[in-house]
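Right after this note come the structures.
First chain A sits with chain B, and in the next complex the same chain sits with chain C.
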Partner chain A sequence: MLYRRLYQFFIIYLLGLAILFTIKYTLRLSEYVIPAPATVLLTVAEVYARYSKDVFDTFSVAIIGQLISIGLAIFISIFGRHASWVGSFVKVAAYNVQAYPIVALAPIIFILLGDGFLSRLLIAAMICYFPLLLSMLGIMSEPITEVEHFYAATGRLRWQLEVKIRAFENLHKLATVIAGSATLAMAGTIVAEFIAANAGIGYSIRIALYQSDLSKILIALFFIGITLSCYQGFLEWLGQQAGKLWAGNA
Partner chain B sequence: MLLDCQDITYQYPNTELPLFKHLSFGIDMPGFHAIFGPSGVGKTSLARILTGQINDFTGTVTTKKDNSKILYTYNLERLPDWSSVENHLAKVTPSGKEDLKEVFIDFFGVRKIAHYRFSKLSLGQKNRVNLIRYLVQAFDVLIMDECLANVDERRREAIILKIKEHFPDRCFLYISHNVSEVARFCRQITILRSVHKSPQAIAISGLNQTKEKPFEKETLEKTMLEVMNAV
Partner chain C sequence: MSFKHPRNLISSAILLFSFFAGLVFPMPASATDVKITYRLKWLFNVSAAGDLYADADGIFEAHGLYVTVKAGGPERDAIKELELGYADFGVASADQVIRALSKKSPVVVIAQLFQTNPLQWVYRDTLSNIQKLQDLKKHTIGITYGGNDETIMRALLSAGGMDERDVTYFSVRYDYTPFYKGRVDLWPVYRNAQGIIIANKLKAAGETVRFFDPAKHGVQFVANSVVTSQRMIEKDPALVLRFLCALLKGWHLAMAPDNQENAIGIIQKFDTDTPLPTLIRQLASTRLLVHPAGTSIGEIDVNAWRQTEAIMLAQHLIPKPVEIEKSLELGIQQNAHQIVSKNILEKTNVYIEKESP
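Right after this comes the complex of A and B.
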């Protein structure tokens, strides 16, 4: 699973580079617009240590943001899973709030909280949270009648058991949703850093943009992609192992 | 009357015809009874009315005791797969019923497969495991909707006779499409008919076979014919 993620990333990244260099040499674009492969390699040697550190910084914030989102989404989806007034309110609120672009709120967050760790974390968590919540609400509000019937009929279906049954039956979906949300968390953190923060790979991309240095941006994209591919591969593997362990197939 | 349904009328939302129109029937004594009828006539819906899962019908359902416990089981039910069958059965068996559970585990042929997860069992084994967990519960009426559908005929017969032997004071409503089985084992066969027919439910006496009381082939054929004609 991890290997598949990695080679898929390499194929896409190298394909992107190939297209870029084809455009450069076909249209005879200057070094300033698209740098030559040799220039990109020289830049790698120059920035790889700093960019690795920056990506790790961004990645740490994204992971914390994702964990917060997962916890919050589980909590809210448990409350919102029934067709009661509270449940309907939670669902409607979630649908409406997620329709508002979080990036548009980012300036307010930066004004109120400054350009440090908290702002990046909050934006990462918010961007990751709503799609997660909608998926989890969908999973948690769908009864597994053929399993739940006995427990409901004999008065044993407490909310903990109901949640356990629905989570177990949808474990594969949950793992996919959580692995997918990693991209959102990373994107959220990078966007936050790009807008106003003072650290992370998004901040480095902003500086590279001011310098019109496409080599640095390409290298930053490589580091982001490889980190995200490894993390998503790891999450998928983790989901698979959890499923096997829980269902007794290990 | 142990179970009395009077003048039940029910129509599913967004359908053109009612499913039941002034349906009345009753069960006056414990034992193994049947609800029989063609597919789509409303057997499962009637079970859901009896168990209170459908409430927006007109008419009355009364039981002998005010707080009679009516359970409903069907053949597609599953046990969660996070634990073995024996763990699940142990967990849902009320205290004091452990011995009964062990009797059924042996008699239903579940002992050898009890350490498996539910998903690893065959359909017939799943049916038997599911039925055991219902039989050890406290109930006055148990509605068994095709819940032995995947069990082979010989074992099904043995299971039905065992249930009759163990629970002479309880009421079972057996929903099945097997006319010979229904005619042989059931005391009262309530035949549900299409909404266009009146009355919509007809009661016929079955042979009520037990271990001590075998049946005669001729009587069985006569009862089966009676059932088929009533449908």
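Right after this comes the complex of A and C.
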């Protein structure tokens, strides 16, 4: 799983680079517009250590944001699974929050919370939480009739059992949703750093943009991509293991 | 391009002749009308007063140019657009030009819009007046990491025999709360735009402000300039001259105090959010930065460019010198200035020079 994620990322990244370099040499663009491969390699040596640290910083905030989002989404989806009003309210809230550009909301968040860790965390969680919640609500509110019917008929269907059945039957979907939300959490953190933080890879990208340095941006994208691929591969593997373990115990 | 070289003198004469020939013997519209894209550095506001004036007042059209003026922004880079063919002319800051040249981008400067860099630091007058560089010591100073203000502040500290240990840097963002709350002593602003807005807000709260101008302390870092591609200069120098004449005429009319009402009316069409009294103050401030005493609008200050390059070199923002003089098209700028001056300028110049401190 992890191996597949990695080589898929390498294919996409190298394909992107190849397209860029083709454009550069076909249109004879200067280093200022698109850097040459040698420049990119030189820049790797220059920023490798700093960007690794920055990505780790961003990644750690993203994981915490994602964990908070998962916890909250599980909580709301369990308690809102029968109440159609809660479900529709959450959907309206989710669609609204998703519609607001985070760059418009971010200054308000930064005024309230400053430009440190908490703001980054909140923005990461905001971007990652609502899509996660919508998917979880969908999964938890959908009855597995053929299984639940038996327990309901014998009067043994308690809420914990209902949640377990629905989670077990949709384990693959849940794993995919959680792995997907990692991308959103990472994107949210990077956006937050880009707008207002003083650390992380988003902050470094912003400085590179100020300096019109595309080679630094390409390297930052590589570090973000490789970290995310590893993490998603890990989450998928974790989902598989959980499924096997659960199936073994059942 | 310099007049010291005879070839430049001849080409300038040809350019002048072709321009006046065009005025005396106008060609059919189809032969002279040209579509042009002009990418600004920032959003439509008072800092683009002349560009907007030339567009909205029909000056470009009168010169046979159909110009699409596009707003800039943090994610826009006029120099890259020139190279990619998305724009024919653009506005870029000096550091962008020098960085581009250091990466072999074929960009040339045809005019310098701001004679004094509007990027300055605002501070409350309760802070002791900063009269010499050493007065910056122990203050908390806002800078945008990676931005021009960081480069300028480092140059200032270095010129004053200090370094970053003598001050406290504060990373600046979009919101001014840290300055309003007094957490930061000096905050970087564009004096003619945000500077006026901040001053107004603090005035409403019973406070007054001063501005710290790096140029007054010997650090000249060039700001917005008009750029085009080397290809354009070689292919159609007459078009470059025509465009620059129209643009400079727009700037002259936008900066003329006796034409303020028209200028404000035009800026208001583009910048609808800024209240009229603020806009009037912004325009007055812009006038002093674009046309200070003893300068001409659009004049390329070669020494300031050299200093900008030297600062960037000293701070390792470029790996080696770019010989900036070679990319400053002084001939075209001076020709355009002469042509525009003959039309409208003598009266305005006198007026502005009297008004300037």
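Here is the rule we go by: the second predicted complex is superposed on the first by the 227 of 250 C-alpha atoms of A that agree within 3 Å, B and C clash if a C-alpha of one lies under 4 Å from a C-alpha of the other, contacts with A are read in each partner's own complex, and residues count from 1 in each chain.
What we mean here is this: contacts are C-beta pairs under 8 Å (C-beta built on N, C-alpha and C of every residue); 3 or more make two chains touch, one makes a residue touch a chain.
No experiment lies behind these values; they were computed from the predicted model shown.
By the touch criterion stated above, A:88 is placed in contact with neither chain B nor chain C.
In the superposition on chain A, A:8 makes contact with neither chain B nor chain C. Of the two partner chains placed by the overlay, neither chain B nor chain C lies in contact with A:241. By the document's definition of touching, of the two partners only chain C reaches A:107; chain B does not.
In the superposition on chain A, A:209 makes contact with chain C only, not with chain B.
By the document's definition of touching, of the two partners only chain B reaches A:153; chain C does not. Using the contact criterion defined above for the overlaid structures, shared-chain residue A:196 touches chain C, although it does not reach chain B.
With both structures placed on the common chain, the touch criterion links A:29 to chain C but leaves chain B unconnected. If you count the residues of chain A touched by chain B and by chain C, you find the higher number for C. Of the residues of chain A, not a single one touches chain B in one of the two structures and chain C in the other.
Chain A makes touch with chain B in their complex at residues 146-147, 149-150, 153-154, 156, 164-165, 168, 246-248.
Within the complex, the chain C residues that touch chain A are 74-75, 77, 79-80, 83-84, 96, 99-100, 103-106, 144-147, 171, 173-175, 177, 317.
On the side of chain A, the complex with chain C involves touching residues 27, 29-33, 35, 107, 110-111, 115, 195-196, 198, 203, 206-212.
Across the complex, chain A is touched by residues 51, 71-74, 76-84, 92, 117, 119, 130, 133-134, 137 of chain B.
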